[in-house]
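See the structures that follow.
One chain, subunit A, appears in both complexes that follow, with subunit B as partner in the first and subunit C in the second.
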Partner chain A sequence: MIAKKVLLVGNFGVGKTSLIRRFVLNQFSEDYISTIGVRVSSKIVQFENQEIKLLIWDVAGTSGNEKIPKAYFLGASAAMYVFDLSREETYVSIDNYLESIKELSGLKDIIVVGNKKDLLTQEELESVINTVSVKIDLITSAKEDENVENAFLQLASQAIK
Partner chain B sequence: MEKPTVDNKKDNRFELLRELLLAEDRDKFTALSEEIIEKEKLSKRVTPLVDEKIEDLRRNFPEYFGDTITQTIKIQIRDSQDEVVEALYPIMGKLIKKAIVSEITKLSDSINKTIKEKFSIKEIFTRFLKGKKNDAGVVLNEIFEPIIEEVFVIEKNSGLLSGSYTRGNTADKDMISGMLTAIKSFAEEAFSKENQNLEDIKFDNFHLTIKNYKSIYIAIATSGVLSGEFKETIADNVHNLAEIILRDRTYLADEAKLNLLIRKHIIT
Partner chain C sequence: MIPAKIDDVFIQITTSLSGVILNITAGKFLQKEFNAQESIYKTCPFLEGTLDALEISAPFLLEGMVLVSDFTEYNVDIELFKSAKNISVLIHNRTNVYKYLEQLNQNRNDIFFVKRQLAEKNIELDKLRKIADKANEEKSRFLAMMSHEIRNPLNVILGYAAMISEESINNSVKEYLKLLSLSGEHLKVIVNDILDLSRIEAGKLVLVNSPINIKEISKHCIENYRHQNTNTAVELLLEVSEKVPYLVLGDNVRINQILSNLLSNALKFTEKGEISIVVTVVSEDEKSVNIAFLVSDSGRGMTTAQTFEIFDEYQQNKKTDNRVHGGAGLGLSIVKRLLKAMNGRISVDSELGKGTVFKAEIPFLKETHQKSEVVKKIKTLASKSLRGKRILVADDDALNQTIVAHILTKENVTLTQVKDGLEALDILKTTIFDVVLLDIHMPNITGEQLVQQKKEFKKENRDIPFLALTANTAPEDLKRYKNIGFKSVIGKPYTSVSFLEQIGLTLN
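Moving on to the complex of A and B:
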């Protein structure tokens, strides 16, 4: 079985942990993430007749002010940047965040996911899509379990490229 | 003898007077009698039911009131901790003292037994030939034997687990190797100056020793008392294992093969 380290990054409160909760059953205490700024979960996914073990590193916050150990980004095969569709501050500087993650991880592409779709009307959603300066790969709702599996499958796909 | 004449008129007057004076009392008496009779009747009907209820309550008391009483006691204990400690201290103190005395007696017996065995002519002669170990080390090792609980061979950057050994059942070794790598990275970036590595973590009676290499690190969890000699042996074995892995990187891609190698070099 192939094992890959993948990253989940994004500001505080955008729903990264909720996405993981939807996708895997976590066994570690919540205290870990607030103490050392990361939590690792594992999940085996089936992708193109292949079993892939994803080691998902949920890195807490990337607003630039927090000192996140650079080592968290090393050795990752894929990364997903999650922002909150209902909070502009989580996507207003998305270009900078993506660049800094690319630099730290050495990855060329990062999957961009807009979460909390359930908080927006269709009109508001379209407005956000037009505002965000980069291409949004997936719109999800962890609360309503919409597109969560697809987001992680896309992450697995990028990891084995 | 002649019977006295009956004064009917007088008797009737008395009777009439009595009727007049006691009419109210008689009514009350009748009402009370009826009430008592009614109560007795009711008692006959109700008593079995009450008895049945009392019996039911007696039998099912814990079920009916257990939770409430437990909750009340909890609240009482929480709100009166000082009083509880004062009340329990004499009892608990005695129990703790008894337990400590019992354990110390066991430890003392064990040390005596070990000293007796280790200081026999045969053992002294053997140690004289082998050299090395000090006497305290010999005794402590016998009593608190060091045991290798877990071994993890982990890719340095990604935290991916390449191979492992475990004595028991570890829940999710991949997740543990990931978290261990994260903790290691966090500690190294937070506290180290230049290129320093986290090498030891202690928790409870476990000791986690980390040996760092270029692209991998090896973590060994042990329990018991680690003598200097045991640490040296482990370090030598881990270095040998690392050399083999780093010379032949195919081990890192084959977990089963690496697990066998770990067993061979670290455990046996």
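Moving on to the complex of A and C:
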């Protein structure tokens, strides 16, 4: 079995920890507890007939121009940038964030996930999709367990490339 | 030798290149979690993948990692150093430091979300406020329009009632006319009350601060009601303390309105006995004086519960009150609001079957320059005769024209009447007048348009006083009329006395 280190990054309060809790423990809580430093969870996934142990780094959310310590990316195979579909400030400068993460991690592609779909109407969602300047890989809702597994499978796929 | 306490906050481990613990070099932090020949990844899962990627002989620092032991989380910083043979792992316990950092971070993020919610709520509130303001403006506009529409016919009703009363009529008709006039006057009070309340609610009440004589206002008010009161079983009394200053700074009209409303209320509910206004000084210093107006009656009185409700709008203690006594139940509510605007207050003391005492207290600034001439001057001006004056009246309403003609003819003026603004303009180009009265809403040229065309008038007519004859009597209307060239305004409905008084004042 191969182990792959993957990271979840993004603004604070976008739901990174909630996505991991949903994926690893199938749990969700409305309470917001900010993450400090890094918590690592692991889960074994089946992908293309092979077992992959995903070592998921839940990196503390950033604010504004805060940078993620470069050390966290050492040995990382893939990363997911999570933004909150209901908070413009988490995606308004998304292309700059992605460039910065690519530079720090040395990764060529970052998976882009828009979370908290449950807070938007279909019309609002379409408006956000049209506003975000980069391609959104997946729209998720950790609360309603929508597309969460797909997002991590895509991350696993990216990790073994 | 490392002191025991320092020993507890770190641990230094040597592992193989694949992460198997070889030995513990120093320190005791979470010692039981790290055993020789076991994988370090069991306790430090974040090192899996990281150790493989370390560069040889390059120190590496990982900050803020989380370790779990016996269901307790520890925040640690980790220093790594990889050699060709093994890896040195130095783990520092920084839980205390990160605990504060975590709290600060949580607070920062919580504040962010609370601020965001507040901002959203404020936007919502702002929208609701704008909707409410708009609705209020619409209401005020509607009330102003209705007031105008009511005042015009009311002027005709009251004017003709006054004219008929001067004819030879029998006593029954005289009595009917009196009741007709009384109802008209009641309607006028209701219209004024509704407009006042709407104005106060909309925050448009502007108080004047000019020298006023409290004794004169009180006297005038009680004389006015003495004149109107037909019930000989009720006596009206006035007592003004000698300590009340001759002049204070205040709003003449609004003080009169407060006293009138209280007096009118007392008259409604007193069948016999007496009603009095007592004016006293509660306290005073060099610059200000606190004056109390006590309006007492020997009427039916109220229960304590009723006294709590009487200042609410449309409140009358018995359902039949508005039928028997008239009024919309706004008078006392207006009094309370006016007093609040004057930083004053009102209290009520009442006993069922014995009577009621309203006490209105108002703080006034003293008028230090005793200009007693002000009051005298006004009186002199009002009594000026109009005999022989050349007066032009333009009004498209024939009924109103008749009333105006009736009043002015008795004053022996030289009266010219025209039926619209265009006719008025023509005659103002050729004939000299002493004063011009213009209705505002007239066909062809309105009163407002005409007064702004003075350059086209005969030279002698350019500086004579123009008066607006209108039912638009809101302060902003009065201000606008004066700004565009009217010297004064005669508000409808008017009495012959108030009509002549306004013209007399203007001519002087």
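The definition used in the following text is that the second predicted complex is superposed on the first by the 142 of 161 C-alpha atoms of A that agree within 3 Å, B and C clash if a C-alpha of one lies under 4 Å from a C-alpha of the other, contacts with A are read in each partner's own complex, and residues count from 1 in each chain.
Everything below uses one rule, namely that a residue touches a chain if its C-beta (ideal position, glycine included) is under 8 Å from a C-beta of that chain, and two chains touch if they have at least 3 such contacts.
All values derive from a computational prediction rather than experimental measurement.
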_subunit C versus subunit B on the shared subunit A, clash or fit after superposition_ = clash
*Considering only the touch criterion stated at the top, classify A:Ala3 as touching first (subunit B), second (subunit C), both, or neither.*
both
*Answer with first, second, both or neither: which of subunit B and subunit C does A:Ile36 touch in the superposed model?*
both
_Partner chain(s) touched by A:Ser127 [first = subunit B, second = subunit C, both, neither]_ = neither
*In the superposed arrangement, which partner chain does A:Lys70 touch: subunit B (first), subunit C (second), both, or neither?*
first
_Looking at A:Ala60, would you say it contacts subunit B, subunit C, both, or neither? Reply first, second, both or neither._
second
*Footprint overlap on subunit A, where subunit B in one structure and subunit C in the other make contact*: 3-5, 32, 36-40, 42, 55, 57, 69, 71-72, 74-77
*Would you mind writing out the residues of subunit A in touch with subunit C in their complex?*
3-5, 12-13, 32-34, 36-40, 42, 55, 57, 60-61, 63, 69, 71-72, 74-77, 87
*asked:* For the complex, give me every residue of subunit C touching subunit A.
replied: 45-46, 48-50, 52-54, 60-66, 75, 98, 101-102, 105-106, 108-110, 112-113, 116
*asked:* Show me the residue ranges of subunit A that touch subunit B in the complex, using the header's touch definition.
replied: 3-5, 27-28, 32, 36-42, 53, 55, 57, 67, 69-72, 74-77
*Which bits of subunit B are touching subunit A when the two form their complex?*
155-161, 171-172, 174-175, 178-179, 181-183, 185-186, 188-190
